[in-house]
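Alright, structures below, take your time with them.
In the two complexes below, subunit A is the common chain; its partner is subunit B in one and subunit C in the other.
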Partner chain A sequence: MTDTTTTSTTTVAAAAAGGGAAPPPPPPPPATSSPVQVAEICLDLLLAETERHFMHRDVQNANTSSSDDAKHLQAIGYRVGYALVERCSRGKPRPTDKLDAVKFVCKDFWSAAFGKNVDHLRTNHRGVFVLQDTSFRNLRHVPQHANNDVANERLQIPTGMLQGALAALGVPPTSVEVECNSPPDVTFTVKIGVAP
Partner chain B sequence: MSARGASNAPRGSQLPAQEKVSNELFTLTYGAMVRQLLHDFETVEEVNAELDAMGARIGSRLVDDFLANAQGVRCADFKSAADSVARVGFRSLLGVTARVGAWSETSDAGSGPSACSIYFEENPITDFVELPRGLEELSYCNVLCGVIRGALEQIGMHVTVVVVKDMLKGADGNELRLTLKEHAAETYPFKDDD
Partner chain C sequence: MASVAGAAVLGPDASPWFLQAFTSNEDEPLRFQRAVHCALDAVPPVQALSSTAQPSSSTPPPTGYLGVIFASAEDACAVYGYVTATSVTLMLALEGDDDVRDADMRAAFDRFHAAYSDAVANPFHTLGQPISSTKFVQRVKSVCRGVR
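Here is the complex of A and B:
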């Protein structure tokens, strides 16, 4: 019993010494996989409640239009997207151009934020990118023939997240438009560095 | 059989694996929402009240899902309900462990204790959070109070929940105090011919 413990300790120590002598010390445990996970329904309900709060308050108050409310939701999304990119891009090379940044968003960011990768990415190589997700997580509870407003409401925060993510990667978009004809299939059109 | 994905498992046959999301995304979303509330409301008290109200609406919807998924959870009286919230709810929904304690003295025979505390050290909504100066009054975790209150209200228990200890404010742990106000017993059998 004691023998095994000693040997294993020495091997660990030797490995640690070897690692320290050669290149940089071994990286800390990956920061992206947080040990604590919450049930998805908590996030769903939080998002639903946030949308309810910011979209449907002050109905009697005439000077808040629905586009103002959408802006509030986008502002929330922007902060989430910005901070999330900072976390999931840690230790990875910084994207060098627009396309690189958008690709990063389609893979790493999308899976951190929406649980999967973007299904299709198209670009005209002049700053217009079309991202299609055929089963967007935030719309999975929206019925296929729902009123367009319902899906639209649920897409305000993700739109903001996409803006924030790209801004954090150094390529703030000039516009992000979202289109959803049959949930949960959704298409984001991102314009970077071109007139909206 | 055992390799079958949770999504294919027939609903209700056994405890299905809950879909999980990373805590980072959840924390950041909550934090951004609180910031927007602070921006919108004039006083911190209003924000605290709104967080509690939002929590209550979340709780009232969460309880259905919770009871449907977590089989064998007992919520017949306040004691078992509080126990389920702490030991099953916190673990399965927030992924952290919590415990119950500090039961109040039983007031009269048969009714059981009417107050208790829920303790937890790890709080998934306060990761990366630090209260800036000037916001000492903000009760960042008020949403949890609301959720518990809203959830128990759906099963006929009117409780008040307050934050007693908050690690964001330098305490050595988090403590929520639950006090039962009224337990509206369900009446059986329901009259069909009304």
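Here is the complex of A and C:
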């Protein structure tokens, strides 16, 4: 609340300094029916801080291994993916087969979660699906030649989201593997109903 | 004059996640629960999705608004159903002999589903457990008041 007040005050002060024109008209009252909008950077910062908190807490607690931390992040993502599918599948029919469910994830879920559709979807029609996103939203601030661990940290929550989304649609995956050779190009390999 | 006697949310395995009767009558909650359980028979069971497309002969289970799925003359009550894409079943039980327009019921279920998806997004809710949010109860009540 304090931040909001400070920002608006600076804006008014800047406008007054810039030529003594009439103060800008007050913003229209927010419509109650429109959803609350939040700047995207807030989500980026929250995610970055969450990852930092879970992946670099070895100092405080030497008992946790890095795979435990990754699992913790995936569990957070699972919850998010599950709830988000409930929201973005409103008014849509239930998928009829596995491919249909994965297609729903590639289009509706991906654009709700990451702002765009999956670029390529390949499948062997036996339960293995390969989803490729050439400009993955959560990796857009990762430099192209960054250490592989940096990108891997960023991909734990999205991996969990993918698992949660598919589980909510009735096709819980047996495994989801993620590979990233040059950010922001990322490949998810999803196995449904086949041994990992 | 028709009014909503109760609302229910059932998970994919038909476990009750939310059961609430909106009435002051003491036997009413049991009557409502019986109607909900009877209505479950009319909801197609959830089947595991196959890896190949369904053969065209077998029709996929319906989703969305199902209409009246159970009606009991002795109780003068009718249960309306709605299945989401995630196989969660929503039910509203109406009592009274007046017909309610289908469009009104569809609108009511849309708002009921919106309330449910918001309740699931609540970080204090545990997935697969009954919903215990008072805000959700309030929203469902207001959905039910909207049905006339």
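Here is the rule we use: the second predicted complex is superposed on the first by the 160 of 196 C-alpha atoms of A that agree within 3 Å, B and C clash if a C-alpha of one lies under 4 Å from a C-alpha of the other, contacts with A are read in each partner's own complex, and residues count from 1 in each chain.
Just so it is clear, contacts are C-beta pairs under 8 Å (C-beta built on N, C-alpha and C of every residue); 3 or more make two chains touch, one makes a residue touch a chain.
Keep in mind the model is a prediction, meaning the values are calculated, not measured.
Colleague: Based on the superposed arrangement, let me know which partner A:87 touches: subunit B (first), subunit C (second), both, or neither?
Modeller: both
Colleague: Kindly classify A:79 by the partners it touches after superposition: subunit B alone (first), subunit C alone (second), both, or neither?
Modeller: So A:79 meets both subunit B and subunit C here.
Colleague: For A:43, select first, second, both or neither according to whether it touches subunit B, subunit C, the two together, or no partner.
Modeller: The answer is first: A:43 touches subunit B but not subunit C.
Colleague: Is A:127 in contact with subunit B, with subunit C, with both, or with neither (first, second, both, neither)?
Modeller: A:127: touches subunit C, not subunit B.
Colleague: Which of the two partners, first being subunit B and second being subunit C, lies in contact with A:112: first, second, both, or neither?
Modeller: Touch status of A:112: first partner only.
Colleague: Regarding the shared-chain residue A:171, is it in contact with subunit B (first), subunit C (second), both, or neither?
Modeller: It touches subunit C, and subunit B stays clear.
Colleague: On subunit A, which stretch or stretches are contacted by subunit B in one complex as well as by subunit C in the other?
Modeller: 79, 83-84, 87
Colleague: Hey, which residues of subunit B end up touching subunit A in the complex?
Modeller: Interface residues on the subunit B side: 18-26, 28-33, 35-37, 40, 50, 54, 57-58, 61-62, 65, 92-96, 122, 124, 127-128.
Colleague: Name, in rising order, each residue of subunit A that touches subunit B in their complex.
Modeller: Result: residues 32-34, 36-43, 45-47, 49-50, 52-54, 72, 75-77, 79-80, 83-84, 87, 112-113, 115, 157 of subunit A touch subunit B.
Colleague: Going by the contact rule at the top, pick out the subunit C residues touching subunit A in the complex.
Modeller: 12, 46, 48-54, 60-61, 63-64, 83-88, 110, 113-114, 116-117, 120-121, 123, 127
Colleague: Taking the touch rule as given, give the residues of subunit A at its contact with subunit C in the complex, in rising order.
Modeller: Against subunit C, the touching part of subunit A is residues 79, 82-87, 89-101, 104, 125-127, 168-171, 192-193.
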